[in-house]
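These are the structures in question, set out in turn.
There are two complexes below, and they share chain A, which is joined by chain B in the first and by chain C in the second.
So, the complex of A and B:
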């Protein structure tokens, strides 16, 4: 890799984001902790009856993971805006969409990947049958990057504003409805012993589309929001 | 080749000319909207016969269906204006897109409320997680997101551009949401009025419906123009043409 080439810039940015995340390890643990707390509250609210918990386990885990990702999304560009490195990124000769794609990948690895690891534990706490867990993991592996990509576009749009967590939730809700439907559809089908590949395939198709389009939309949104 | 049409459209992009044009059109649109709405209500509530199955309860259709059409129509109009504003940086298009959003949100809200009033006697429930109802609710959230994003920026033009971009994301999203919730659950009746092919509706019920549709369209124009005029006066308050209008209305007092 020659210095200054696009691949070198992407690698450097990836290493920088992972290093920054590692230096603030406590922040990585926060979404996981949040998911554990929310999931723990459900049995207290609904009662410890195993059949009921098993029925709702898939939906509860999916919605909890979604909320945890929403919580983590705010930090995607926050520190880079505060110290001005986002402007440098936008001025860089490399394509902004590609650099943002790398940033989203690093953010997904630090914020969403731990959630996928902890999700089977949470699901088991809610008495999800063991044969459904593979469907849950497959749904999460495809749904979480999709949510990170869609959320990144919206975070970029709000980059120039004051802190606006509620606004982000309001804007993300219409975008995440199809994701939740298909992810929960796969888990529900697996729970009823039906084939669950079709909704997973839809999620995969949506992810392929978002992988190409979302970084470009994110770059366009960032140029609009930071254009002061 | 008649080139006065592009020339006229080009001139309409200028705030003072649009302000005057909107001021002339608005009272006519509002008056025609009220007339058409009164005619449609008379036709729908008095002249049209009761439904063989739903009795008189079906008459809420004359509010519900035109509002539902408008909720989608205004989203389309907003997205077109947002696209024009983003691509050609036309200030009027940005203002039109942003001032369309609250009107569209109001029509969406009316659709949800009347639909819920209609659902209680017909389906026996105020709300059900049916595909069309859910899509309409998601549409309301899209509108609210656009409005919220527009107002969260200090600079109005920057806010308008960011919210325009969100409106364009939304227009890609609406068919996806509709398809996915359809796949998920459906109870709502299919469309009765079709543009292509025969409608499943009696003529005496169809004409009030179409007249009400015309009335809501005209009301949208009147309301939009009033809002755009107010917005233009506020954003252009430092310009000479606003000062001229203010002086003309206030006499010579500064």
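So, the complex of A and C:
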């Protein structure tokens, strides 16, 4: 790879973000810890009745994991804006949308991938039947990047404002709802022994759309945020 | 002669003005920066030095006046990769070492012929600190780590916003030396300063902003 080529730029940025995440591993552990704590508390609050836990397991794990991702979302561009790295990205002779796509991918890998790994464990702790777990994993594998991409656009839109956390949460809610509906729909169908491919396909379609459009929207939003 | 001169113009501003909410921040100003020029942007605090810098990076837009880069309108496509910016925020990742920061810059901007990360760190006086996290460097050393980026990437135009801040006497001499070498290579630089430091070489081109 010649330095300065687009692939070299993406590789350098990807490595940078993964290295940074690794140097601050404590921050990666936060969302996982949050998800573990919340799901552990449910049996204590609702009682250990196996049938009840099995019925709510899908919803609880999905919502907890998606909320845990939202926790990490705010930090996506924050440090880059604060230390001037974003200006360096914007002036680089590479398409900004592509670079931001790489950043979102790195963020998803560090924030969401560990959650997808622990999700089956949390689900079996809530007595989810083993034959439902594949549906849960499929739903999470598609729903988490979708949420990261949608969230990234909103983080970019609110980048110019200080303390944007509240605004971000409000704007994200309506975007979360369809993601949760389709993901939970797949898990519920699997629990009842019905085919669960259709809601997964919807998630996949939405993800394909977001993969193309969200980085471009992010780039435009960040350029507007910096142009003030 | 005139044709040759206009061919050498890197950045030209004509009646450039910037207003924020109908209040003029600076301008109208006119200037032309040729290859080999080092220009000092002078002005008091609040006179719009940093604003002018951000306009020259292309991040901030103004509808008043004209900016031209090598005879073409000033857009992302025409300036891509030709400009490197060093602002108040240095663009360094504090958790990474100076060398790792340079690898990122190299990946994004490419590498100047004959430059390499270790070499440029030595020439800004950071030999021995290459693998130290930037976090643990002093403010002046951080500035030097950011200056190393200028030497590594192939951009012809340097936009330096207050490059002398936080630097000791040697550091100021270093910036002046780097600017001199850059000009000799045919590069150009715009430097802001509130005028407290002795500037490189003989009489530089001055762009004056008034509050």
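Assume the second predicted complex is superposed on the first by the 228 of 228 C-alpha atoms of A that agree within 3 Å, B and C clash if a C-alpha of one lies under 4 Å from a C-alpha of the other, contacts with A are read in each partner's own complex, and residues count from 1 in each chain.
FYI, a contact is a pair of C-beta atoms (placed from the backbone, for glycine too) under 8 Å apart; a residue touches a chain by one contact, two chains touch by 3 or more.
Not measured: the values here are computed from a predicted model.
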Superposed partners chain B and chain C on chain A - clash or fit: fit
Chain A: partner with more touched residues, chain B or chain C: C
Partner chain in contact with A:227 - chain B first, chain C second, else both or neither: both
Touched partner set for A:165, first chain B, second chain C, both or neither: neither
Touching partner for A:193 - first (chain B), second (chain C), both, neither: neither
First (chain B), second (chain C), both or neither touched by A:134: neither
Vertex chain A, arms to chain B and chain C (CA centres, degrees, nearest 10): 90
Which superposed partner A:157 touches (first chain B, second chain C, both, neither): first
Contacts of A:12 with chain B and chain C, given as first, second, both or neither: second
Shortest CA-CA distance between chain B and chain C [superposed frame, angstrom]: 8
Touching both chain B and chain C, residues of chain A: 227-228
Residues on chain B engaged by chain A in the complex (per definition of touch): 86, 134, 138-139, 141-142, 144-145, 148-149, 152-153, 155, 158, 161-162, 165-166, 169-170, 173, 176-177, 179-181, 183-184
Touch list for chain A against partner chain C, complex: 2-5, 8-9, 11-13, 15-16, 19-20, 23-24, 79, 82-85, 87-94, 99, 223, 226-228
Complex interface listing, chain C residues touching chain A: 57-61, 80-81, 83-85, 87-96, 100, 103-111, 154
Footprint of chain B on chain A - complex, ascending: 153-154, 157-158, 160-162, 164, 167, 170-171, 173-175, 177-178, 181-182, 185, 217, 220-221, 224-225, 227-228
